[in-house]
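So, here come the structures, one by one.
Heads up, the next two complexes both have chain A, just with different partners, chain B and then chain C.
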Partner chain A sequence: MTRKLSPPKRKNPIKRTRLPTMPPGNRSREAHGLTAMAASGRFALQTCEECEAVQYPPRQICSNCLSDALEWRDVSDGGTLLAETTLLHSNDLFFRDRLPWRLGIVVADVGPSIVVHLAEDCVQGERVRMSLDIDRAGHAIVTARTEKPSTNEEDDLQLREMKFNPKDRRVLIVDGKTELGLGLAKAFADAGARKIFVGEAQPWRVSPHLEEIRKMENVNIMPLDVTDSDSVEELAAMIGDKVEIMVNNSYHLRSGGLIDRFDLNVAHDEMEIHYHGLIRLAGEFGPVMRARGSDGHHGSVAWLNVFSAYAWVNNPALGTYSASQAAALSLSHCLRAELAEGGVRVVNAFIGPIEDEWNQLAPPPKLVPEATATRIVGALKKGIEDIPIGAVAEEIIQRMVENPKEIERAIKS
Partner chain B sequence: MTNPEKNNPGLLSSLLGGITGGGIQVVDLTMTLDQKSPTIVLPPELGQSWPFRMEEISRYDHRGPAIYWNNISCGEHTGTHFDAPIHWISGKDLPNNATDTIPPEMFIAQACVIDCSADAAEDPDYLLTIEQVEAWEEKHGRVPPRSWLLMRTDWSLKSNPVDYLNLDAAGAHTPGPHEDLVPWLIDERDVIGFGGEAVGTDAGQAQHFNLPYPCHHLMHGRGRFGLPALTNLDKLPPSGSLLITPPLKIRQGSGSPVRVLALVEPQA
Partner chain C sequence: MRRHNYEGVAVCVPVTVPYSRYSLKSAHWFCGRALADLISKAGIEKNEVDGFCVSSFTLNPDSAVGLTQHLGVSPRWLDHIPMGGAAGGVALRRAARAVQSGDAEIVACMGADTNHVDTFRQTIATFSQFANDAVYPYGSGGPNSSFAFLTDYYMREYGATREDFGKICIAQRENALDVPHAMMKRPLNMEQYLNARIIAEPLRLFDCVMPCAGAEAFLVMSIERAKSLDLDYATILSTIERHNAFPEDPVQIRAGWAVDADDFYEHAGIGPEDIDVFQAYDDYPIICFMQIEDLGFCAKGEAAAFIADRNLTTQGDFPYNTSGGQLSAGQAGAGGGYLGIVETLRQLTDQTLGKAVPNAVHGLASCFGMINYDRGLCTSAAILKRSAA
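Right after this comes the complex of A and B.
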């Protein structure tokens, strides 16, 4: 039975912080198909279009009929645990730091036998449910857990390695002055975060949302202006080694196109906040978060960016804003590669228009900030890497995959 | 050719002698440009002035082993700054109205300092009136033409930007000149400009005056200047100090951050 994880004690200042180690890396091009499915939270495997055989591990041609018509399809995640073992020794540095480690073989309902990382409460011969997860090195792995969630499943140390559970972790929400900032603070508090740091820029502009946050427990409001290098540096010096989940929800929405609203100053502000702001945050908080990727059971795990879905395709009504979001999205991929060396994962949420003052003229449907925040934190707990929130974001991403030229032209209307 | 040194043997050297040991004190009236300093707060849908920002180019490191230097950026009206007549629509058609065309001798002028610190402490919306300037004149003499009229409020002592800007739902609450005082200073006293300690020369609530922003509209409309966000006005005598206020020579600049120096003679 998985034991309840006790809340972390204060850090012993004379103990050395363990350096991060990575699980074995390098996957084939085909195997990264699993990474794509895991990134969006799907349980999908290659399926042969000719003979319907489900494949595992991923391959170029069907193991049954040699056809190369293999398609990724969502399949049942159920199976039976055929065999299990507990690793007590390993020459791999990652597993050495984490022994004992449970592994098993699951006979999937859809056919193949799959080597899995095994939750503590799984019993040989019983039903399990599998998921595609992303490990600390950023690669897809298969995890199995009991068919019905066990009592302390979220405290399972092995499972915690693949997820970004905010429980007992410390979170920094960059912008506490927006509707979504307030929603995120509440959602992380509900998820059991041990401490929530909330950034406040331009303290002379009073925000009702920040005032609401101020009333919450376990919240520290800190000066933070992502356009001010000194401010970011000072805050990182103060709390950088305490941030286990970074939430970059920087937000500066001004409507207008490129030649329809030709204004370098507005474009400058968008880039300062969304793009240069991310650079400043990453430069100051990234190194210490990366160094703390293996700092006990509650070390740093995730860097969450909240982007607009228009990072994927430019909405001409929000032309320069969309471009600044695209720039930040591109940068997040660099950050992902760099933080991966410490096992810290970069997660991007993509939201459609949200119900706030700057989206006053955006047509419904608009996202409710609190529900949006709850969904973001929920997806974070599941370990999903790209999180589209709401119908607008889901549709944009789907249509970008299907036909980017179509959505590029259709988005204006 | 006349030799200016022969004609004025010692005007400048006696000034220099005064500065280097003869009792003329140099008072810095400038706030430090700091990334945390606020600029004027406008509704968010309007164009915004950039705050002061600084990015290191190198600091004796791989980017420049022997060199420390920074790139800086800010709006023209950041920190202690000079307002040129072209800053306001009323001054847009005046000759020599921008930082590059104002005659340089205009950047040296004497100052009259009126102490309103007690009034401003009681009422953040305090407005300096003609009557109070006349009362000052009874003690210190008539405001000479081509003088700066400086309003001392001790507002610059508010180190917290929230207190300094003093905003609420009705806008900013900071002291400034009464709307009747501004035309009087121009017409009756021919001042060179008006200076104060708050973020702008006009009072925080000046947009609600009958003539909104009189210190901007009238002063700049008549070719006069502004010097907001001054500090150390408590270190100046009521009259007789000399201000040096040259803004950066920006082509068609509407103003610029400025290092304001005051020369103060020993009081007899």
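Right after this comes the complex of A and C.
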């Protein structure tokens, strides 16, 4: 049975931090189809539209009927473990640092034999459950676990390298004054975070949510104003080397577009908080997080941005707000590429309108902040990269994929 | 249609460019030295060789084409065979047909590779699209992890033990002791074998080949030409090759030989019981078991019992991998795919580097290569016969 994960010991300040290395990242274009499936939390394999044969590894031609009509289709994640090995030698630095490393060949119920990273509790000849995860290099890999979840499954040290589990990690939630901020603090506490730092801007403004956070255990409330470079720098100097999961939940929503509400100050504030704020956080916290990507079993793992789904397409009712979200989303892709060098993942959650004072005029369905936070943290644990939360966000993303011109014209109604 | 025989074709001049663990020389150097050795032993000029079969992992960015300019030759028949461990048997049968048809008169077949300090890692890190996408990112064990799977599966399926595999490795080591260029020449006993350090469960150190630099080569020409040059030669009774056999098997437990063995022996006109010396491809002992079974020496799953009461050394009743094979001599890249043919030829033309098998007339060399994803795709084999003269 998988051993329970022990909380990290106090770090020896003299010992050199393990430098980040990446598992091999050389993948074909076809294989990145798997990455897309993994990023959205699906277990999908290429399936031939003509003969239904399921293919693996990814390719461009059906190995059964030679058709080129292969589509990614959700398939059963079940299989049987046929052969296994435990490596005590590897040719790659990333794995050398982490030996022993357990692997298996699973024959999938849908046909192909699949080489997998293998959970400790899997037994040869028995049923397993596969998933598409994303490794430290940012690419899809297949892992197999016991068919029924086993005790302490999440503590499997090898598989923890490919997950972004908050358990025993330290989290910084940028804005503690929103209801979503409170929900996130609770959700991370429930997920076993060792310490939760919560940012507080404008200390003269009292927030009931922050007051509630203050009552929680293992929480430190810290001054943090993302519009103030000195404030971000000071906090990073204080706790930068302790943040293993960054949660950028900066939120400043004011309704209005361009002609109907011509107000540069509002637009400026939105950009200052969402866009420049992300730049400041990335510049101050990014370097140390990237350097600590391989710092033991509890090193830094993820940078989570909570964006509006209107980052994908401008909602004219929230015109400048949407634009600031789009700017931040674009920036997050830059951050993703740069943090990838340390094996730190950038995860973006996209939420629809939330049930709060600033969304009074938004039609339902609206999201309940607490449930939203739980779903965000759940998806983070599963290793999903782009997390749409709620029907509105899901629909926007789907419509953008299907026909962006349609949603551009229809969204104002 | 009945397959044509290999009448009139001679295989001769076994050449080995001595192995070294690492080398600063290029693959071109190993090919060049092999060719120089071939023509000097055959007593011919460079340009009398009008056909080439070349196999190498480390000629990059060149292929056999670039090699012609490098070595200053103008062949009228050229083949590059990128089939790794299976290349030797395939080169032999293509060269034989070229000579038989008159498309070439003398074909030089060579498997040659260098091994710089980081060569092996680079080779396996970019081995194939499927391996890049779906194997190498899984622990980066290279062939060790692939063969660990096959070994694990076979052991559970047929109850073979590590002692059974050890018998193969120990016998091969004994055969290697007299071979000057063998990488490993200290005797190996069962205790050392069983207690060696673990590489990839259930494989331990002595189950795994050691990559090295070196070359293996031979010439194919007409029997008349070989006689006129006064060369000892062997003839070809049959050859086979097969690629991606049994794709429906979830884990590889048999390979292409099992498809072609009946045709192979029928074509040769002899059976497995007539084989006097057997060279099996041996990067890991599991694959030797599969060859013993798939080539009909015993039934599937019975290789362990088959070797249990046989002596596998040169002086034994089942002479096998008589130069120590790759497990003791080292794996000179694609040279490993030619080793079996070259050693069989040595035994049948009395040019052995180590001990000779007494009265060997029929030799079988079998080749295996290219773990493209989860299994080796290419198999080939040839039966050679000592010339009557």
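The working rule: the second predicted complex is superposed on the first by the 413 of 413 C-alpha atoms of A that agree within 3 Å, B and C clash if a C-alpha of one lies under 4 Å from a C-alpha of the other, contacts with A are read in each partner's own complex, and residues count from 1 in each chain.
Throughout what follows, a residue touches a chain if its C-beta (ideal position, glycine included) is under 8 Å from a C-beta of that chain, and two chains touch if they have at least 3 such contacts.
Please read these numbers as outputs of a predicted model, since none were measured by experiment.
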In the overlay, answer first, second, both or neither for which of chain B and chain C A:S330 touches.
neither
Check whether A:V206 is in contact with chain B, with chain C, with both or with neither, and answer first, second, both or neither.
first
Which of the two, chain B or chain C, is in touch with more residues of chain A?
C
Just checking: does A:N220 make contact with chain B only, chain C only, both, or neither of them? Give me first, second, both or neither.
neither
Going by the contact rule set out at the top, does A:L88 touch chain B (first), chain C (second), both, or neither?
second
Check the residue A:H117 against both partner chains and state whether it touches chain B (first), chain C (second), both, or neither.
second
Check the residue A:S67 against both partner chains and state whether it touches chain B (first), chain C (second), both, or neither.
neither
Which parts of chain A are touched by chain B and by chain C alike?
none
In the complex, chain A touches chain B at residues 202-206, 225, 227-231, 254, 263, 265, 268-269
Contact residues on chain B for chain A in the complex?
35-36, 38, 41, 45, 47-48, 50-51, 53-56, 161-162, 164-165, 167
Once bound in the complex, which stretches of chain A touch chain C?
23-28, 30-31, 56-58, 63, 82-92, 94-95, 101, 103-105, 107, 113-117, 124-125, 135, 137, 139, 141
Along chain C, where are the residues that touch chain A in the complex?
120-121, 124-126, 129-130, 132-142, 144-145, 148-150, 152-153, 156, 197-203, 247, 250-251, 373-374
